[in-house]
């Protein structure tokens, strides 16, 4: 596998494509955003004028798009990739979209004779730049093995989550749980602080007790407790509130689809939406602490 | 320090007292429950006929009682311990009670010239038996140092949380956060399972991703994913739903006292109450998974 | 307008169709359920062997189906009603389905030259039998006027909610709000009762104060407070928990679609799902009171 | 009954006292706030320099204070009213406080030979000025009858809720339910609006359907739908967010006390706290609609 098309070179896609380029793949990129394309070419990538030009004659296509409808449009529309691409092209969709949508696209790809996986990522823009993303992959084991040489250049952990769409399922489950323990950690720290405890001391105790979770260990939401986390940089950088709200929306859709009860997940989704509506959509998602505190602080 | 009184030898107090006894302290115990006293004496402990008989001439008193009102009654009532005990007796309350109540008792003890700490524990009956409890201590550092030789015989981790009552604050913050990520983990596993994923595979992925938390690491709520956890023993043993609901009630009280917002903590408290009301109060708290699943399973 | 086809004669559709029949319309009915068809014909209605046979030569089609996919299939599938029906046939869909789905079906009907409205109902099987349903209608005013002579035979209140799909929007908004004040009323009554008040006295006070709402006025959830309501008949009859949970799911879908925050609506949906999962799906929706009470009662 | 002391003449107490004064009672007032006293005397009331001076020789005492601790201090402190007042003085506490606290004060008053009722009000400052308050009374029927001539001058509806403290129970139950259907109504209107409906049309439909509740009938939260309600006056006047948050806190306390589940009530309390923390504490409580909308509007 030598020639690759990378479709969607935004904040995540661009650094991922850079890593493939650096690893020696013959890469052509495309994005409907002229600005994104300019950033990518300025950084040394070769751009095409359309998706079909970019994918012409490649061994594999990697797509990284912002929502279900764009992925469906790219692959399934009349004259879309499934119509115009040779069947032996490996298809890898890294977008975070609804599990149902991923299943639908892959099912139609398989029916036409393609091999395709869903491979959403976690790790954020920092992980994309460092090539340390986590991939959660849905689809055939054998297809994952074909994709692995590419994925390994962009990420560190590669999980086979299950059949088509399972990558998306794992992703939304993870992010829902992340939102829940982040808000929970904020509540615990604020409750302790208002009752007289030092948030740093409390964080230490919780981390060594049964309250332990990723948010406290590597992403403490209380400013000044940990260095180099968004909370200590006025909640700049990191993973935006609006993106978390979007992922929680996907989790809710997946739950409605299968009639699942997610009481805390649903409340978390509403709290993130409210936080965004109050003007905090672009802050890091650990800024939800601010919502629980007096604004006069 | 040689002579110790241990007041309250129930499911937690009895094994704690046993560990002090084994370590060579001259221990006298008391409990208002005749049954609890019989169990303790059958296991080799020396029993008194009243709290005042048990505490007569001791160097330190350890109390382990089930609710704020019992602790207040023991220490503060007319003719209670603060009235009848020599001032140089070290007072250690290991009960889990309202922070406000602990502050009140300790404040009055200090005013009368005693040294006293609140030292609630986590780790459950298994930790009590193994002597591996975690102590969260509120009060003066110097008092904690005097108590340390006793605490070390009963536990492994000893945290100084802050001033009087801070041990209780740390405890309720921890257990609130624990309840939240336990329910969150159940929601994520059920959401994944209903969307076609193997809960074991999903647990593996979440543990190595940002969804990581104590519930998944050492206490997986899905039957069969981990060995020797309550979920794999039909939710027997462990930490009872009713005790978690009680601790969540204490967290809510502490939040109301200081006007703190705890949206997920409040929902968690209500879910545990509902789970208890539906007849599951004595099951382990990870059984909350069952509430999210069809009862016909 | 004389000849009518009525498609879907289940618990709601059958009594609605009976009322049209009694009013003198020349009615033909169809249902994919043989059992439902037998019940309808036993009650005097004329049955066809297929939807296309039933709709052959009619002036208007009324459909009453249980979910979005059935409505889409009936009208939009290849060879479906939009393909085979003369354009001058009035189309009235009384099913409760997703607003987005209703908009989609009506949009396609209009594009082909039909006139069509969505006209979901409230009032339950009792209202259907008595001809006192409330219709919430989406679509053109002029189309509603053509449908009015039929709707008036089945219902008492006919609201024009707005453009296509608005009937469904009004319906899901109403039922979400109903679920919220029903659960809220149950919480208030249980809180009062546990604090020593007579639920009947409390209900009287709330009804004449700012807590007033439909649930207390005509559907009191506490057994024995009102006569002839489901709570006084062991929660039999009425509006099933599972149907409320379904409608709350539609409300959640409509909210996700437009990024709306519905924190209480989301919690209500989860509580109804949990109540159903615990084996109460067929009870009346006011039985949610039981979930808030000790099961040992 | 002729001579009356009125203690606490703030925003509510002052207009209530004015109505007693206008009705011909010989009234003396007191307030720890010099400013409040000045306002009261400027409006023609006779002020005393202390509570004991005000209550000297009166037939009845009416108290209207902002929190449990003030009421307890007034009546129960050493040298407080229960110590210095003749036993035949009728005691009427109109404050909104914790049911438990009201029970405690009345119990001690009865033990000393007084007659006393708790009589919290609803209706806000407008109702206080117009003499149209609703009284929810706890205590003996016969005591209520003695108080009735006073209460009738200040209010329109007088409910006997039950024994001592029941007035407070009814009040917190009512306000919890009010908060729930207010937030629920906001959610329904926003959901409908975002899905294309006119909030005025939707309000009409909901009011005539099973979504009907007091918030929609007389206090519509959507600006412009009703005249002369706070939402149409930029949420000025009315019942403040902070007061609603306080009452919800009392409801939560009453629930914790008796181990009651109030999932929607708890979420409502947290939402009102968050709304207050974001700087909206003095707006009318119907402004919670704003929290659910984009702040950029």
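Each chain gets a letter, A, B, C and D, in the order it is written, and its residues are counted from 1.
Everything below uses one rule, namely that a residue touches a chain if its C-beta (ideal position, glycine included) is under 8 Å from a C-beta of that chain, and two chains touch if they have at least 3 such contacts.
Only a predicted model underlies this, so the values are computations on that prediction, with no experimental measurement involved.
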Chain separated most widely from subunit C, comparing mean CA positions: B
Comparison of B-C and C-D by number of C-beta pairs in contact, larger one: C-D
Rounded Å distance between subunit C and subunit D, as computed from the means of their C-alpha atoms: 39
Distance from subunit C to subunit B - Cα centre to Cα centre, in angstrom: 49
Residues of subunit A engaged with two or more neighbouring chains: 259-263, 267, 271, 274, 277, 291-292
Complex contact set, residues of subunit A against subunit C: 245, 249, 252-253, 256, 259-263, 266-267, 269-271, 273-274, 277
Contact set on subunit A toward subunit D in their complex: 267, 274, 277-279, 291-296
Footprint of subunit B on subunit A - complex, ascending: 99, 122, 134, 136, 157, 159-163, 165-166, 169-170, 172-178, 180-181, 183-185, 187-192, 194-198, 201-202, 204-206, 208-214, 217, 219, 251, 254-255, 257-265, 267-268, 271, 291-292
